[in-house]
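Okay, structure first, notes after.
Chain IDs A, B, C and D follow the sequence of writing; residue 1 opens each chain.
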Amino acid sequence: MNGDAMSGRLTGAGHELIQRVYFEDTDYSGRVYHARYLQFMERGRSDYLRLLGVHHRELAELGLAFAVRRMTIDFLGPASIDELLAIRSRIVEATGARALLRQKVMRGEAPLVEAEVTIVLLSGRRPVRFTPVIREALEAGRRD
Amino acid sequence: MNGDAMSGRLTGAGHELIQRVYFEDTDYSGRVYHARYLQFMERGRSDYLRLLGVHHRELAELGLAFAVRRMTIDFLGPASIDELLAIRSRIVEATGARALLRQKVMRGEAPLVEAEVTIVLLSGRRPVRFTPVIREALEAGRRD
Amino acid sequence: MNGDAMSGRLTGAGHELIQRVYFEDTDYSGRVYHARYLQFMERGRSDYLRLLGVHHRELAELGLAFAVRRMTIDFLGPASIDELLAIRSRIVEATGARALLRQKVMRGEAPLVEAEVTIVLLSGRRPVRFTPVIREALEAGRRD
Amino acid sequence: MNGDAMSGRLTGAGHELIQRVYFEDTDYSGRVYHARYLQFMERGRSDYLRLLGVHHRELAELGLAFAVRRMTIDFLGPASIDELLAIRSRIVEATGARALLRQKVMRGEAPLVEAEVTIVLLSGRRPVRFTPVIREALEAGRRD
């Protein structure tokens, strides 16, 4: 399986990544633990950016890393062990120093989680303007 | 160390729990991973409810478990390995079937995370009205 | 992407699952956090059993769940953000009530983790004999 | 609560840290997820070293971090939501570049997990000899 197949796919309206629910994602209530959806959504954002040409590792070599600045999350329904979830991500807005994404976690046609996520770029503890590569990637994603 | 000392303390304006940042909480950027703050806040809510007389385990025996329905989260500043964080929780509103809490994660006097969290009670996959014990506990917390 | 493609593949000598290293898997040292490899290996075991016809969900409906009884783990080298890891699993031995697997986490041809894992089946808190479906699946895997 | 109270205590035969089982630690089987015990044990080791005068943060400023090289783990019994666990750690042996610890996770007098853990110190990806501060701390712990 090549790297691209592992990174989900660009859908024309953003990005979709399929992920499995494993033991580690569930809690004693039998459902997926609420904070795990943030990890699923972060995987979606990482792979979306990867397909747009932005790699965490290259950023790290420049001392840069993305950080989440704000999230609004609606938990609409539960997921369970063994299920396949689709994480859908769309870039809504990108300015010089922050980007807003809308993300959904779906099981089939049922939306389980809906979120708005604002991300920024940090150099150490300080937010900085996006690099040209990131700005172009986000622009390409937004037009998508 | 008794159970109460392990459960933080009622402050008159809600609840405060002190937690350490360990290896597991950090990511390669050197900061605490954003989704971990939801775990810190969940620990705060669990211990707050515990001190108000509500125990997850007793609920589980009735087939009941709390679930998060909605969160708004501002990530204001980073935390690092070895630091001690204070998780402050306050019950803002409680109706028959949902409660709204305000939570903060502080390092000393610096707010790192601020959140509004709506919780509900689930029986299987279905939201149900709070039991009398929970309603009284939440009321006691809210008046606090 | 269908369920099978999401579950890795039977290799003739066991099972292989490819997984990406995300933010959540790393710690402030810049490497993958040691306990995360247990999660990667659990994903591998789950998908291996899935392809052999054993599903956690169906077991849960019978009140059954697998549990790890013993692990020996060698951490041989570090992995980093964005890397693709191959989790290789092989059933070495299966008796009526426990199975021994050998697992490796590889980055390309470099072994990062090697483990021996003993699993049992629990009904509540009590170990029980494998069901016929599990026994046949494990036997099929072992002959593989 | 001061930093020391948050770091468990030296017992004369090593170190003991009390930790609560929260939602995040459990899985759909109703028990604590096996890999979480490695996190509990890592918290114990971190706090043990902290009380012996070794701080991850100061090491990080020197480009150093501890890593686990080998673990043998027996999972003897299950733990559940809300329970208090005692993590006991003892330094068995410390040479110039590696240390061997024995760790137990107890619920009351019942041992739930027993482990042997070999740790090393890394500078980047390379194991290095312990610094004098670490060597003295480990020696003090071992004589304890």
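List of remarks:
Going forward, a contact is a pair of C-beta atoms (placed from the backbone, for glycine too) under 8 Å apart; a residue touches a chain by one contact, two chains touch by 3 or more.
The structure presented is a predicted model; accordingly, all values stated were derived computationally and were not measured.
Using the average of C-alpha coordinates as each chain's centre, C ends up farthest from chain B.
The greater number of contacting C-beta pairs, out of the two interfaces B-D and A-B, is seen for A-B. Measuring from the averaged C-alpha position of chain A to that of chain B gives a distance of 25 Å. Inter-chain spacing, taken between the CA centroids of chain B and chain C, is 33 Å. Shared interface positions of chain A, i.e. residues touching 2 or more other chains, are given as 23-24, 28-31, 35, 39, 42, 56, 60, 80-81. The part of chain D that touches chain A in the complex is made up of residues 23-24, 26-31, 33, 35, 80-81. The touching residues of chain C, counted against chain D in their complex, run 28-29, 31, 34-36, 38-39, 42, 56, 60, 65, 67-75, 77-78, 122, 125. Contact residues on chain D toward chain B in their complex (touch as defined above): 1, 3, 6-7, 18, 20, 22-24, 30, 39, 42-43, 46-47, 50, 55-57, 60, 80-82, 84.
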